[in-house]
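In structure tokens below, several structures.
Look at the two complexes coming up: chain A is in both, with chain B in one and chain C in the other.
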Partner chain A sequence: MGNELVCKNLYKSYKKTEVLKGLDLQLEKGKIYGLIGRNGAGKTTLLSLMAGQNPVTSGEITLDGQKVWENQEMMDRICFSRELNPTTNFSISELKVKEYLKMASIYMPNWDKEFAEELLKTFELDANKKLNKLSKGMLSMVTITVALASKAEFTFMDEPVAGVDVVMREQFYRILLDEFAESGRTFVISTHIIEEAADVFEEVIMLDKGKILLKENAVELLDRARHVSGVAEAVDKVMEGRETYRPEKLGRSKGVTVLLKQGETLESDTEISVQPMSLQQVFVAMCGKEVS
Partner chain B sequence: MKGLGRNVKFMTGFFLKLEIKCYLFLALMWVVFGRLNDGIGPFVNEQAPFYIFWISVALVLICAMSHSDMYFKTMVSQGSARKPAALGMLLSQYAFVVIQVVILLAVAMLTDSNWSLAIKICPLGLIAVIFILQGAGIICATISMSGHNAWAVILFLGTIVAFVLGCVLLGYAHDFVWSAEMVKPYNNLLFLAAGVLLEIIGLAAYYKTMQKVDLKLA
Partner chain C sequence: MNEILTQEKSIYLQISDMIKNDILRDIIREEERVPSTNEFAKLYAINPATAAKGVNILVEEGVLYKKRGIGMFVATGAKEKIMNQRKEEFYDNFIKSLLNEANNLGITKEELVAMINKEEK
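Right, the complex of A and B next:
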């Protein structure tokens, strides 16, 4: 095994609340993973565990076969750029942007100072401004700067575009893809803005209630996902024995999301309509509640 | 321990800033409570050095108590393993003590062995002890959290020894400098009792904080 970050049978509880429930995951090097899940699904917890910042309740996390927890050598290869919140994290609220970056540079052995300065210019961030004077979007751009300039082999970003305007979001995705193409680093990006980020993800990891619901190549997943609608009886007949999600009923009509088997096709006919789906629609279908 | 140097570098920077703030506060207190006459006493208010000393101690204590666990979390959240982070904090605090001693000696030398002024500028004894205790508290709790309780106990005992030594040193300084006319009613026992109390509060607070750290980092 090489160039892999592996989570085996992970459990994580905070007092009586079990957040991760026997999670298995394998991240290969040189991919952009999209980590999606509803609020409280365990995304941030999973990222913090994989970065060695949070102890597991049980289970194991290894990088190239070596444990990550308390292993500085492995942690040096991982950067988890957390969401900044100066109102709750007082220790950083008084720091200037340049001081925060300096601090990150101390801990990231491959820190690229020039790249960090370039990113600050691109994001129009004032390095002399204190973090507690920045807007939510600007704080997100600081976390993006830390993540990208860290040059860490495995870089985790938690909600990197939260509060960022659409122009800067476009910039971010472009820079991310450029960096990925150039360095071949592994990125795990947790986001709620699924539609926009879908084109960037090579693989999608869907987390639901502390478990991996799905981990699949994004293109292949969208090839398999279809929304089937029509008269309820006809839809039910076609769906027999298939993997279906989120049935929606409206009178005699019915709509349902189906994940076809690899290579399988399903075409519209006189009784049913078969439509391709976006990643966001697949996510809502798989993680949302049933609609009646 | 890999990564220790980085943690010491990070923390020493923060503590130096904290120290500068404390000196600014001390200077302010001096202006408020007393006046300097050739850099020494007599003070307008005889109790002034006592207030200055304890207020600055309280300030340092509050600052350190409220910031240290956050710095620890900051170090961890920036990619440090916990043990070097905790040990780094502890070592940086010892570095702080060394700096205080150097300042004390320098002031004493520059003022022709005016230890009275030197100790007023560097109320090092108790501050040093507090920092040592806090650092040890952090590391004990962290190591205990990592499942190495034996090491935590050894370090805790080491802390007690460091504390007693600190008190003895403080006692000497106290006898030597703050003799009768200034703080006669307040003898070494009071310092010792205060130190013990601070130690208990400090360690308890840190242990509690460290128990919650997982939740806060989540």
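Right, the complex of A and C next:
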């Protein structure tokens, strides 16, 4: 205990919009967490709160038992590399890539300049280009560079691969895993490209409507997530007393998603099919809309 | 029709297998209409041409037939036909691999038969 980042009963509102609604979360050191949730679920807000860049409305965030907010010592251990948007953020739009990195390094006591330069090379970024001349994917790669070169103990990345092509995405995951293996830093990575990142995450955090819907080891979650379909009555019978997600009915046929208990098995038979699911399918079933 | 698609097999084969499973389970009965290719396309978010390919396999096999202007229907005798087809595939799909793995593990035929007899339902 102790070596953790803890969020207790977090609430966050922007004017009249309540984004986080009583959120509890505990992050252990030395893991790669995947933060997934739909647009507006509160992912960016949660990350900025945890990094101490944004005040909570109520609740508490502590690192190793000490408050993060306005605590320089704690904030030095956390890096939140925000999404860059030069069209709405004029203060940075005229900056060159290298100037932006220089600025970021001021806030990062463990900044690794060589690593940053190496990353620019890997991502084929021109340090002398202005941010407002970069494509969306290139801007994402700048934020990845800041996050990785920060060498911060806790590193939060907000959609680091948005707009990045598949070759560079693969590259990013490899560099991330490399850095993780070497340093044992803790990463929290939000993404909408769930399937390809699923194998990188040790734990999955699902955020839905301002609350943590689920936080679980990714492999264990997939071991117990099943899609059950077949004759409607037979499906209902097997699912009796269980919490099911996203039922789909079609004539005499029915399909549902269920999370089995740890170690429990459920096999297909003559009336029902039991299928394993991908992380993306589990996410859609749990956070998606009802099928109509 | 509520099964989910996986990466393991061609989508159109999964569509045709799914319809066959539903016929075996009496989810769709003989002389009933099956969903159109466009309905399948929407349900699984796949290209209608892919859905059509899956359905057409079943038309060629005589499991489904087309009523002009109305849609696809399950042929009379389709269930029996699928059953016979699956029986034929049973040897290739299950018995062969069963014997193969038993051989790898040094399980004799007698032991195998004893295992099957033990598994009475």
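Convention: the second predicted complex is superposed on the first by the 290 of 292 C-alpha atoms of A that agree within 3 Å, B and C clash if a C-alpha of one lies under 4 Å from a C-alpha of the other, contacts with A are read in each partner's own complex, and residues count from 1 in each chain.
The rule we apply is simple: a contact is a pair of C-beta atoms (placed from the backbone, for glycine too) under 8 Å apart; a residue touches a chain by one contact, two chains touch by 3 or more.
Please read these numbers as outputs of a predicted model, since none were measured by experiment.
After superposition on chain A, the partners chain B and chain C are seen to fit next to each other with no clash.
Contacts of A:54 after superposition: chain B is touched, whereas chain C is not reached.
When the shared chain is aligned, no partner comes close enough to touch A:244: not chain B, not chain C. In the superposition on chain A, A:14 makes contact with chain B only, while chain C stays out of contact range. Contacts of A:122 after superposition on the shared chain: neither chain B nor chain C is touched. More residues of chain A are touched by B (comparison of chain B with chain C).
Between the C-alpha centres of chain B and chain C, as seen from that of chain A in the superposed arrangement, lies an angle of 150 degrees, given as a multiple of 10. Contacts of A:79 after superposition: chain B is touched, whereas chain C is not reached.
When the two complexes are laid on top of each other via chain A, the two nearest Cα atoms from chain B and chain C are 34 angstrom apart.
Contacts of chain A with chain B, set against its contacts with chain C after fitting on chain A, share not one residue.
Every residue of chain A that touches chain C in the complex is listed here, in rising order: 227, 229-231, 248-255, 270-271, 273, 275, 277, 281. Within the complex, the chain C residues that touch chain A are 1-4, 6, 21-22, 24-28, 35, 43.
Of all the residues in chain A, the ones that touch chain B in their complex are 14-15, 19, 44-45, 48, 51-55, 70-73, 75-76, 78-80, 82, 89-92, 103-104, 106-108. Remark: chain B residues 1-3, 6, 9-10, 66-67, 70-71, 73-84, 145-146, 214-215, 217-218 touch chain A in the complex.
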